[in-house]
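In what follows, a structure is listed as structure tokens, so that the remarks can point back to it.
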Amino acid sequence: MMSQSLTMLPDLVLAAMLIGLAWAALSSDDLRRGVVLFIAFGLLLAIVWARLHAPDLALAEAAIGAGLSGALLLVALRDEAGGKETAGRVSQVSRWMVDLFALIMACLIGWVLWLTMYAEPAERLAQLANSMLEHSGVSNPVTAVLLNYRAYDTLLELVVVLTAVLGVLVVGRERRGYRQAGPVFCGLVHWLVPLLIVTAGYLLWVGAHAPGGAFQAGATLAAAGIVLRLAGNDAAGLLDGMLLRWSLVAGIGLFLLVGLGVTINGGLFLQYPEAWSGSLILVIESAATASIAAALVLAYRGGRPDGWLSVADYDNNREVSR
Amino acid sequence: MTQVLLYALTGAVLFMLGVRAALLRDTVLPRLLALNVSGAGVFLIFVSLAYRGDSLPTDPVPHALVLTGLVVAVSATALALALNRRLREMDNE
Amino acid sequence: MNNLLIWPVALPLLTALLALLWPRRSNWIGVAGTGLPLLAVLLVSWQVAASGPLELALGGWAPGLGIALRADGLSVLMLLMSALVTMAVAVYASVYFAHAERRGEFWVLWLLLITALHALFLSGDLFNLYVTLELLGLTAVVLACLGGSRESLQAALRYLVLGLLGSLTFLIGVALIYAGYGTLDMAALGDAIVAGPTAWVALSLMTGGLLIKSALFPLHFWLPPAHANAPAPVSAVLSALVVKAALYLILRLWLELFDGVVTQAAAVIVGVLGAIAVVWGSWAALQAERLKLMAAYSTVAQLGYLFMFMPLLAALPEGAGRELALGALVLLALTHGFAKSAFFLAAGIIMQRAGHDRIAELGGTARSLPVTAFTIALAGVALIGLPPSGSFLAKWQMLSTLFVTGQWVWLPVIAVGTLLAGAYIFRLLGHAFAPGEGVGPSLSVGREEIPAVLLALIATLLLGFWASAVWELVPISAYAGGGA
Amino acid sequence: MMTMSVWLPVGILLSSFIPGVLIFFQPEERHRLRTLLNLLGALVKLLLVGVLIWGVFHEQVFETRWFLAPGLEFVLHADALSVLFVSLSTLLWLVTTIYAIGYLEQTPHRSRFFGFFSLCVTATVGLALAGNLFTFVVFYELLTLATYPLIAHKGSPEALRGARIYLRYTLFGGLLLMIGAVWLHTLTGGVEFVQGGVLDQFAELDRDLLRWIFLLLILGLGVKAALVPLHGWLPQAMVAPAPVSALLHAVAVVKAGAFGIVRVIYDVYGVEFAAELGVLSLLGAVAAITIIYGSVKALSQDHLKKRLAYSTVSQVSYIVLGAAILGPLATIGGLVHLVHQGVMKITLFFAAGNYAEALGIHRVSEMDGVGRRMPGTSLAFSIGALGMIGIPPVAGFISKWYLGLGAVEAGAAVWVLPVLIASSLLNAAYFLPILYRAWFKSPATPWPADKTAGCARELPDPLLWPPVTTAALALLIGLFAAAPYSPLEWAELIAGREYRQ
Amino acid sequence: MNGLILLLPPLVPILMALFAHRLERRWWLFSAALPALFIGLLAEEGSGITIPWVLLGMHFALDSTGRLFLLFGALIWMLAALFIPSRDLAPGATGYIKQTFLLALAGNGLLILAADMLTFYVGFALMGLSAYGLVWGRSQRARRAARVYLVFTLVGELALFAALLFLMVSGGSLLFEDLTAEPMPAIALALLLLGFGIKVALPGLHLWLPRAYTLAPMYGVAVLSGPMMKAGLLGWLRFLPFGTPLEPAWGNGLLLLGVAGVVLGMLIGVVQRQPRAVLAYSSIAKMGLFSALIGFSLNHPQLAGGLLPVIVLLALHHLLVKPMLFMGLALWQRNHPGFWLLPALLLLALSLAAFPLTGGGAAKSALSTALGGQLAGLLLLSGIAGVALMGRFLWLLKGRVISVQQDPIPAPGWLLLLPVAVWTPFSWQAFIFEWKTLLPLVAGTALFFLGLVCRRWLDSLRLAMRHKGQHLNLGAVQIHADMPDASSTLRQIWLPLKQAAQPLRFDPASNASLALRDPAVWWLLLMLALLGTLSLSLFI
């Protein structure tokens, strides 16, 4: 009993810190403080993932959840400076109502969780997923789920990313870039960017049998781009014009074509031939990595690059001249 | 299993904290923070569901789901931030 | 042959990518990319009608571990609606966006929206539903802010944030379901779920999330600005299809997955909210000064009707009576989809011609745009629920169910809603038929007027006279909980 | 033969629907083609209705069914009652179309007008042929829709206002009717129109419930039938162009309401059963009040069309009164008045339209001496007016005769006869001064130079002949009431079939 | 074939009416009555025809009563046609004399030949309503008179209509011959008395008559007072259930009303200042006699068989004489009346006053025979009335010459008809001279002089009152004494009422011609209301 509560202690601390950080981040009136706390919250969460034997997630959280989101939020703070949004006060009564509602719902959810996890835990998909691993073509179960069992989800998820990026592109022009960085930072960049690219390649490659995969790799690659941009490379390492479009499309396109291609000789959609599945997944992941990285970098750039419309310019010019 | 339940409950609390803040705050950035916290709460629940003790392999399905969810959340956040930025620009014009 | 089910999703996605790569040809690609899924949907429908529900286990994995796509009567009807509406709107949009700067992005997003809709209607997996919901929400948001005006951006942002909140709430419900039942496959869940705290809490969370998305009173406030400020083709699909997607999910959950969990009290709560939405939305529409805003409020009201079916459905035992009511609900949703999209398209035409959509200044519309005025009238007929539209039949059956279940309380709501709908539609028509020069002198029938009138005709004539197909399709269910 | 019995009702509907739709899409200037379509449709319909009359008289069954939804069937069925109404509408449609062609010459939006005009008749005919309550409701609402643009046709603020008021009333009425119909439908599982009624077979139903439903149905129908206090739209709707008013008052809208009441009483409830429920006396009282009220209101109207409108309020309730009195004679009276009132009132409105069109006369006080200026029109008007008063041998007399007989037979003479007599007197009091002014007074001011200048007769032919024709018809169907195939004969046939049980 | 001829009297005038605007010669109108004359003279009694498909089935038959009415009526119609001034026949004439004349003639023919109630009713209505055009004149007052006439007629028709309904339902048949099969419902009886009572100007229902007779054109008055008024009587004869026992109240009531009519006509008539008004009151008195006789016959079924033919004779006599008097008056009032005119008028007056050796006297003696001595008082009274009124009439002839352009034809025609009129019943065996028949003459003369005095006194009274203002000018005598003024008298009662009802008032511009504003009409409505309450109270 004693030992159990002792082993519980770090967990308790972690949970308390999570809640505390979240509370602090959310209740802070200073946005910058809130964002920083949120990033800290994300890192803490990565630790929790690791504690819960979810290394893939820990990586992803660090790269995406804390890293990229944090970067996005931080950069957004810069925009916030100008505008004044009048914050309408919420009345005390509705505040109480919301609190009460939140409390009740939290209790209810907690009750259900207690019931399902503690009182009468159900048999879930773990057994099945692990036992089917050998047919999936990869040995990392998470990758198996992502790119084989539930590949369709992943496909649509890539579409979500594409959509969001398109939205970013539609909404406005990209942010002004940064000044050319100083020499120290430049040196760092020269060192960091290749490292990140190599890391990304590694994560991609290792994803088949160990924690890692396209998302983590893509995020890492995107981090390289962000670093580049911070150093004053406005394009953040991205290509222009058609090639940018191709790189955005590549992941989904390949995924879809593979999925459809396997139906030609009688398979179902996304039913890779067992012998080929490992390679196919790798190919898809590679393309997806490129797409994800491009998308995330574009999102960071926060708008339409100048060259985006040049592809379609022909018509527009004609229209203007008319 | 208790610490798993602990994390799950933490997830529930985080979720509701997020929802609460999302409802009460009416500027965009804090709302986005709140939503992200909420999302983290949900993910935490998923991941604690996957954990089956140190001896057994974890359930990979929730992990994959969370990964997907993470990416979705980031995408949505990026979009919302872009929108917000454009609005700011319009205000400043 | 089961791969048929992927085509409604894959085709628009593929063409979306093509449109992204060849923005100069995006008009053609967009229209083709909307038309091809229509063919696929027609094939699917034909199959379902002929041989019952279809299932496609993606990747060859058993549903549960893998994801299954399923097509049954309900999803086929929604698919048909979405494919037809998008087809017509696409033709319209090809004119509307012919010279717009952002037409390349529009077409890509448009096709992605179709992808999302079709994926949602076909999905047989709860988490996949979450992904499609998010995809749908994001595409809708981006499309809604294509107008570029401040109001549209503001509305889109609000829509986005609320959508996120909604989908997160949905997701936590999914988490609880997975916790309790260990699977995400809806067919399996349909068998497994029994009444209990897990089911109740999960259901209420998922429903709550979906209610935000489907803009039920009092969660409706994001809808009118978002729908009213988007470009016309976008407003059309937003009002006609996107909110219906959430409704479709609610139906699936309540009637098929959580059948037996749903209590009458819960249904009554939703029904009351629906009733308030009907009255409030209609009243707001009557007060609206702008055409598109009126249409948007009308959407709120019409959605209210759909939710008022819930207590009726909950009170009916499984069987013919319930299928009757369900069919009526679906028919009402379909009619509204077609009619409202036609209405928005017509509003868009007027806006383009007149440069504004202030109702009081629409005099002369009937003279200069006779086809469009006719469209508005036809769509209005369907919105009010007059014959020969499908909504008339639906309301008839709704009333009938009302009498069968003895839930008299809804009767005045339906009556008031119908009268208010008549009031705002005919107020509009009165202005449109009045003399005036508000819209300019053009008398030509534009290419963009045809799809609108076709949509309106579908709502009023096709769904009126061939509505029995709805009741034939609805009982074909892929899930254990519902249907025969 | 089988197929004909299925297709004939549909054909009758389509014969005006298709021209209507085609006309919508004609450019404004294609006057000839539009006229051709209109007349062709009207003639084809007349022909088909001729076949129908023959068939129904020989007890053939004409029925079309179309499954719409579980429990809901779209049924077109021709029985004697339908035929009565169908032939009335068809005939008067032809005449009105000719009149409208003349009346609207050189005005804008004619394609729209004639399109809706045809749809309006389609709805009316559909109403007549409806084989069950559901189908009836469908066409009832369609009629509302098709007439609204006609009333608003001029587009002036008054026209729009009138149309809006019309709509307010009719939508409300339609809703009530629908609720009642659905209720009944739910209780009985589908209400087909059967001669003699069907409800007495449902002995287990709660009588009070049936009374409430009856109230709902009658309220719904009473709006169109302009029963007091639901009549407010009718005088407002007279802003419509004359052919529309003519059609509205004679065939389409008010008649639809009255026809519906007849259907509900005879073919849904069954008149004996309705009497047993005790609902008829209430209806009769309302009808009586309406008759008197309409006449009294008409007295004080100076606007000619308004006076005619209130006259319609009053006259249509004769039909309702006939239906509300138990007994075949009253039934005959009510039914035959359905036709007679139509023919007479359409004459009056044609004439009123002619006055306005030729001389710009809108008010009774402007009509001095118009009889000599426009003898044909005025003669027609006079025949119509005398018929309304009930002067033999014009058609109106026959209706009043049978109504009176029915009242005496049913022992309701104590209240019905005074109503009839008072109404006749009042009718005389508001019609005869018009005739007096028209014929016996001389014009106060010289007639304006007008558009009839180049005509050989008082008016162009398409304007002159319709009122003359219908007036002659009103005279003839009164004079030869007992002749075979006359409206009276049909009414007797129907009454015979209704009371067979 | 024979039966079809019966259709001619109504049909020919109707057809002519359709083309009346082309008929510019009065001979056309004259000839319109020829079929009736022809039928009256030559057609076979008892012939009949049924046309089932017209209206609700029309039945025509010719019986002796009908034949006589037709024949003598035709004579008057023809003569009256000749009295129509040529300016009323010209194309641009105001009014619709020709059409209404022809239609009224047709209606008259129709009702006489009708063998069923509905046909009778149709004819009656046609005749009564068309006569509006005959009463209608150029003066404002004539128009008002015509309006009042119309209202009364309409009320009468509706009463008849309602009566028909009851008869139809109780008997199941419209034929006159089936009428007595069932006992007549009391309400129908009352309605019949009312309906025809208006036509025959029963006291209380007579208000339309003096004005119409005084103000209408002469030809109009001629047919009105002759064939048309007698149509009401014919209606009673056709409809009322003579020969079946009846509640005596009915007969007595009618008798009483008739007597009242005689008295009223006599008393008011003798103080009139216009010859036409005197003739009008004489008509009321005469019709009072007829009503009384009908009432008597109702109560004495055993006598009815003998009495009715005599009533018919008497009616025929009056049918001829009264129009002749009117038309004679018309001749008299023109330029240069012939020397022969006064004796001719005297002769007519004597005949009307039932002087022995005239047709009137003969009819009267036949009557008293048929009565078997009963009702002698009434006969005496009637005689006195006749004498007094005729005396007054002749008295007023002096100095009454209105200059009117003379149309050439009427006088010979009038003269031709004179002997027929004077000796109408041609029952020579009844030409008995008895002294007691002079009794009314004496009394009548006395009354006539009394009337002269009275008139003077009334005139002076009237003058005296006028100094004090007109508000006190009330009283029954006054009302009837000078009909055109009487309306203004009644109007003074009406005015405060009208002011009280100001909020309810209709737009005067639109209702300038609404007859509802006439006191006579209000009077009628009052009467109807009284009758209505009475009958209701009887029911309950």
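First chain written, first letter: the chains are A, B, C, D and E, and each begins at residue 1.
As a convention for this text, a residue touches a chain if its C-beta (ideal position, glycine included) is under 8 Å from a C-beta of that chain, and two chains touch if they have at least 3 such contacts.
Keep in mind that this is a model prediction, so the values were computed, not measured.
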| item | value |
| --- | --- |
| Intersection of the contact lists for chain A and chain E | none |
| Required minimum of steps from chain B to chain D, each step between chains that touch | 2 |
| Innermost chain, taking as reference the mean of every protein Cα atom displayed | D |
| Chain whose average C-alpha position is farthest from chain D's own | A |
| Two chains sharing the most C-beta contacts | A-B |
| For chain B paired with chain E, centre-to-centre distance based on mean C-alpha positions, whole Å | 107 |
| Chain centre separation in whole Å, for chain C relative to chain B (CA means) | 28 |
| Chain centre separation in whole Å, for chain B relative to chain A (CA means) | 12 |
| Averaged-CA centre spacing for the pair chain C and chain A, given as whole angstrom | 30 |
| Of all residues in chain A, the ones touching two or more other chains | 105, 109, 113, 117, 124-125, 129, 149-150, 153, 157, 160, 163-164, 167, 171 |
| Chains that touch, pairwise | A-B, A-C, B-C, C-D, D-E |
| Sites on chain A touched by chain B in the complex | 4, 7-8, 11-12, 15, 18-19, 22-23, 25-27, 31, 34-35, 38, 41-42, 45, 48-49, 52-54, 56-57, 60-61, 64-65, 68-69, 72-73, 76-77, 79-80, 82-85, 87-88, 90, 95, 98-99, 102-103, 105-106, 109-110, 113-114, 117-118, 121, 124-126, 129-130, 141-142, 144-146, 149-150, 153-154, 157, 160-161, 163-165, 167-168, 171-172, 175, 213, 215, 292, 295-296, 299-300, 302-303 |
| Parts of chain C lying in touch with chain D, wherever the complex brings them together | 320, 323-324, 327-328, 331, 366-367, 370, 374, 377, 381, 384, 386-388, 392-393, 395-397, 399-400, 402-404, 411, 415, 418-419, 422-423, 426-427, 429-430, 433-435, 464-465, 467-468, 470-471 |
| Chain D-touching residues of chain E, taken from the complex the two chains share | 52-57, 94-96, 118, 121-122, 125-126, 129, 136, 143, 147, 150, 154-155, 158-159, 161-162, 165-166, 168-169, 187, 506-507, 509-516, 532, 536, 539 |
| Residues of chain B that touch chain C when the two form their complex | 8, 15, 18-19, 22, 28, 31-32, 35, 38-39, 41-42, 45-46, 49, 61-62, 65, 68-69, 72-73, 75-76, 79-80, 83-84, 86-87, 90 |
| Contact set on chain C toward chain A in their complex | 2-3, 6, 10, 13-14, 17, 20-21, 23-24, 26, 56-61, 64-67, 99, 101-102, 104-105, 108-109, 112, 115-116, 119, 127-128, 131-132, 134-135, 138-139, 141-142, 145-146, 153, 172, 176, 178-183, 197-198, 201-202, 205 |
